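Each chain gets a letter, A, B, C, D, E, F and G, in the order it is written, and its residues are counted from 1.
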Amino acid sequence: MLIYFLNSILFVMGLYCLIAKKHLVKKIIGMVIMEYAINLFIILLGYKKGGIPPILLPGMEKSQFVQQSVDPLPQVLVLTSIVIGLSVMALMVAISLRLYEKYKTFDMSEIRRLHG
Amino acid sequence: MLFLFYTLLIFCIIGSIIAIEARNILASVISAGVVGMALSILFLFLGAPDIAITQVVVEIIVLIVLIRSTVSLDNTAITKHRDTFAILSSLIFFGLFLVFAFMAFQGLPTFGEPIMSVGRQYLENSVNQTGASNVVMGILMDYRAYDTLGEATVIFTAILGAFVVLRAKGKKKKEESDKIRVGIPEKEDLPMSLDQIETSSDSTS
Amino acid sequence: MTKRFFEFIMLLIIWLIFVWSVQIPDIIAGVIVAFIIVLLFSDIFPAEITRLLHPVRIFWGLVYIPVFFWYVLKSNLDVAYRVFHPEIPIRPGIVKVKTTLKSEVARTFLANSITLTPGTLTVDCIEDNLYVHWINIVSEDPEVETRLIVDKFEKYLKKIFE
Amino acid sequence: MENWLPIFVAAPLGMAFLNLLVTKVFRHVSSYLTMAVVIFLLWLSIRFFGEQPFYYAMGGWMPPLGITLVWDSLSQLLVLIVSIITLAVTLFALPYMQQYTAQSKFYSLYLLMIAGMYGVILTGDFFNLFVFLEIASLASYALVAFGVEAEELEASFKYLVLGGVSSTIILLGIALLYSATGTLNMADMAGILAQGGPKNLIFFIFALFIMGFGLKSAMVPFHAWLPDAHPSAPAPISAMLSGLIIKALGIYCVARIFFIILGIVPIVKTVLMVLGGLSMVIGVFLAVGQWDFKRLLAYHSISQMGYVMVGIGLATPLGILGGLFHLLNHAVFKSLLFLCSGAFEYSTGTRQLKQLGGLMKKMPWTGTSCSIAALSISGIPPFNGFWSKLIIIIALLQAEYYLLGAVTVFVSFMTLISFVKVQKYSLFGSLPKKFQDIKEVPVLMVTGMVILALLCVGLGLLYPFYGQAILESARNLMVEPYQYLQYAMP
Amino acid sequence: MSNLETILVIIGLFFNFAGCVGLIRFPDIYNRLQASTKCVTLGTALILMAVVIHFGWNSISLKALFCIVFIFLTAPTAAHAISRGSHRAGFSLWEGSVMDRYKEDYPPEARD
Amino acid sequence: MEGMTFIVKTTTKLLIGIIFLFGIYITFYGHLTPGGGFAGGIMLACGMILMTLAFGKRMSLGKLSDFYASLLDNLGAFTFWTIAMLGYIGGYFFMNFIEKSNPFGLLSSGTILTINIAIGVKVFASVFAVFMALTIFGRFVSGLISEDED
Amino acid sequence: MVFFSIILLLCAFFCLFRVGAGPTPPDRTVAIDILGILMVSFCAILSLYTGKDLYMNVAISWALLAFIGTIALAKYLEGRTFDE
């Protein structure tokens, strides 16, 4: 349980950075850390004690492989979610560079032409 | 083994504390990269080499793109408008979140003993049914290939979105041609071999 | 043409080592991939490498490896001594040394060798001058510096690459 | 044979990829390709409407292993809404987007957004829902910033930050659900959870999903992004965002997951109703003071989504019926209002109400449809908005929530006041000098608006003919969720 | 695992450790670069060498050999790039340094 | 001077082929070893990025210009979709319609190899294109990445 | 294996210290460069104890890609954009 808890501390730190910090790049970093934390969480959910990677190598016993291997499905989910995180980050960086060009600052509290 | 996991996680947490609280933005970016590196090793220890290798490449790309987004070296964080109330309230909210999360995690299966009701079926059948000895790829590209189509579409969307956002201007003026010459050199100007590069760079320097 | 063929064979060998199986599809894939990479990047690949095929050069290359390794080991012991010494005995500075090597590959290997050997780190290389950061300067005479830093590798590299 | 189901996702996706390839050779064809796809999808959704529910196994793998698409009454309702609104908006967008650059990229993103919504609606697998939700969200982030002005980029960044938070929270909930049940298929999971799961964990997952989908559908404590993001987008995209995205990504997911998969519990009902009530009241109060036409409409979106949430959160058969009916109606009239605001902006170049006036004479078609939509949103009897609000109020009174019923009536009245103001300042009154020579908008834009205006009238009057087929079957599914297990699993 | 490999791994770890201590203790960027690049490169190479010796003629050991070659190519180049970059960015040497010929020949204001 | 010093350039010259080879290996053998199309594609893009860093943008754009990058991006995605649709014609969306053979060979797993290659090409082109877009942006503000069709 | 990994982790903590405390940007750059090489050691030790060659694939990708990241940082330190 403790390891899940530590992991959620990582998640909450990313969330805090995303919400409370004013610098645009800091916000992006918060997003990245949050993505990392959630990926790690999903992998931890599928870990089996003394587990081996879910890759069948030549000369390996099938039944033993099924017994020992970690859960493969979370890894699939994480592969997809890593890609999604990368895409979101690329879009965020593009928008923040464009914002910097328009406002000449990275400070979110000065980027406030919209009210509401 | 478990001790290693805890140590690596604490490494990640310290790294992200530095990333969040560092004054210099470059320091934040680099510590985010450090967290990614440590995560890759953690994935390797957790028996997920596919994720580890993907995390490696993603971490490098994240590092490079984030470096591009910090525009100058002495780029310090903003401290003048520190909204104490907002920070305090968010900290209280996150504390509550952690407490509830801790209570909720009691209902999960113990660490190291997943349920694996579907996972076991995949492990048993995947190699015969899909022919891929890497079970993860077998699931990703065959059982759940529809997800992978979605994933490829997500990248496609994000890249298209980045291009759209980085356009020079959005709205046309009336009767104005919008064929703007781009900053990338013309096709004919591009050298096709190394010799041309080196001769031209000599002449310019 | 020889250069391209050499590259092709080398890439194919590396591919087969990565794959570590010699079934027909693997080899066909390797040939295709190596062909594509040669087509794309053959102009980038440095031409001097093909000269290495000469047996004399290979011999000197094989001689160079243990020498180089010996210096690396010596430098590591030196650094370890300085690191664990309580007062950190260093006397750093950037010195200028001359090299007589002409080809770029040879100079690159020289610079990398200098970086990995006792107390020195190549900062920049402009024309014939190497600017080297030296952790413990023993003399301020350029001749002595050149002799101490460069000469021990230059003679081998000259035989290998030129 | 059920073979046609994946076409709903495959056709827009493939056309989005093909679009950019084709426009490298032939220019100016992307809009017509988009139009063709949209018409084809509308035909498909009407042709197969009312089929018996079934599931489609992707790649031929049976459900717990593979991904399924499910065609049941709730998805049928949403697919129909999406198809109809998309057709009208596409008609509108053809002339409107001429004033922007990079149109083929616009149509590609637009198709990707549509594909994402169809994917979310049709899927029967939890992680797949997340993936398609991300496609639709990412496309909408990019589309909000489409005209790259400063305000639009700022709105898009806010939207991106909050949307990213909500996606991550939803992913956390999905991961916890997977860990607790060991499967990702919705029907399988519902079957396992029906036998009872860990209580604390389920409540935590409920809280996470309320936060995540509340952010996507802009319920009140989480509404901060909507009033910036919706007005900043180009008008067709505003109509899509307000009319479809917040429903397909927010309310539909709440209905599907909370009612059918997890099984609703009383405390969650209360939370949903409180959120809905807050959204209604705060949204309408913020809307009254606005002078920017699109921003006013955006605040009304919050308020009207509150109605839907109250209706669904009531969880009585009549309440759910009212909520779903209002969902349909709101999609129609709010898209129409945003299209009208786009038409005003197209002709006059401004969307500040104080600078407009007297447009009814110059733009009769647009003005008439705008009036119909305004009457409909404020609940004037013959139009559709009235009936759905009436059903919700009756349901509230039946369940003895008198205070909430009174609030609902009051909010409806405030909406009326707000739209009277809109009518007075934009359509009637004196025409300003600089607008003397404006003309009616192009005919395709008018067509799109007129279709929606006719729907506004028709949905109100013709309820007895279509209600049974469309709404009540969806209602029955939500009231009796165990039906889902019978057809979504082998 | 035989003694030879264990000894190689232990020596490699010792050098890694020395490099990282040097990273902490040395006073300025160039000295740190000296210590850490040399020691960590050799330490990692020794560990990889242990892999080579352990597995003999095998795909693992050949890949490890490749890895050694890559490290010996990339690490000094990276060190050179960092030192040149930091010198050009104007981070000067530790005040106890003896001389700086690079700065004399190419002072910062005369560069491109 | 365009690019970095000759030391970096020479190292890049020696390494670039191997980086590409390794990236393609990771892409092709995704179903036997860890990796797959995504990691391999980004690795290939990293090779191009290294070339951009070491030699300057004219070199890498000479190898793969932005027009062809976006074309490859679309083609990769479209190929993936086409594989899915071929399976649809054969019976199910995404059906694995190619014959499978012994489980440890390159051609053992039907469409997985083709999907890997399609994803690899797509990711390679798109990551390289977005890197170029983000890098060039800001210094050539006047107009970028838009072969804007009116 | 755990013992060796712990020593490597200690080294990694030193690098993290340098990332956090390094007074100038180049110091942090050096730290992440060194960390990239240390990761190869991790992979090598894992490979030594499990005897699987898939860990060597990860090691090679570290060795190749960490270099690219460092070069990017170094070019950035010089005050130039990536494309010139």
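By definition in this document, contacts are C-beta pairs under 8 Å (C-beta built on N, C-alpha and C of every residue); 3 or more make two chains touch, one makes a residue touch a chain.
All figures in this text were calculated on a predicted structure; none of them were measured in a lab.
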Touching both chain D and chain E (chains): F
Selected pair, greater C-beta contact count between A-D and C-F: A-D
Rounded Å distance, chain B centre to chain F centre (Cα mean): 17
Chain A-chain G separation of Cα centroids, rounded to whole Å: 20
Distance from chain D to chain B - Cα centre to Cα centre, in angstrom: 30
Rounded Å distance, chain A centre to chain C centre (Cα mean): 39
Residues of chain B whose C-beta touches two or more other chains: 1, 49-50, 52-54, 56-58, 60-61, 64-65, 68-69, 71, 73, 101, 105-106, 108, 114, 116, 118-119, 122, 127, 133-134, 136, 140, 142, 144-151, 153-159, 161-163, 165-167, 172, 178, 194, 205
Multi-partner residues of chain E (each touching 2 or more other chains): 19, 21, 33, 37, 41, 59, 63, 66, 70, 73-75, 77, 79-81, 84, 89, 112
Multi-partner residues of chain A (at least 2 other chains): 15, 19, 45, 53, 55-57, 73, 79-80, 83-84, 87-88, 90-91, 93-98
Touching residues (chain side chain F, partner chain D) in the complex: 67, 70-71, 74-75, 77-78, 81, 84-85, 87-88, 91-96, 146, 148-150
Residue ranges of chain E touching chain C (in the complex, touch as defined): 14-15, 18-19, 21-22, 25-28, 30-31, 33-35, 37-39, 41-42, 59, 62-63, 66, 72-73, 75-77, 79-80, 83-84, 87, 93-94, 96-103, 105-106
Residue numbers on chain B that touch chain F, as the complex places them: 49-50, 52-54, 56-58, 60-61, 64-65, 68-69, 71, 127-128, 130-134, 136-138, 140-142, 145-146, 148-149, 151-153, 155-156, 159, 162-163, 166-168, 172, 177-185, 187, 189-192, 194, 197, 200-201, 204-205
Residues of chain B defined as touching chain G within the complex: 1, 3-4, 7-8, 11, 14-15, 18, 22, 24, 26-27, 30-31, 33-34, 37-38, 40-41, 44-45, 49, 52-53, 56-57, 60, 63-64, 67-68, 73
Chain G partner contacts - residues on chain A that touch it in the complex: 53, 55, 57
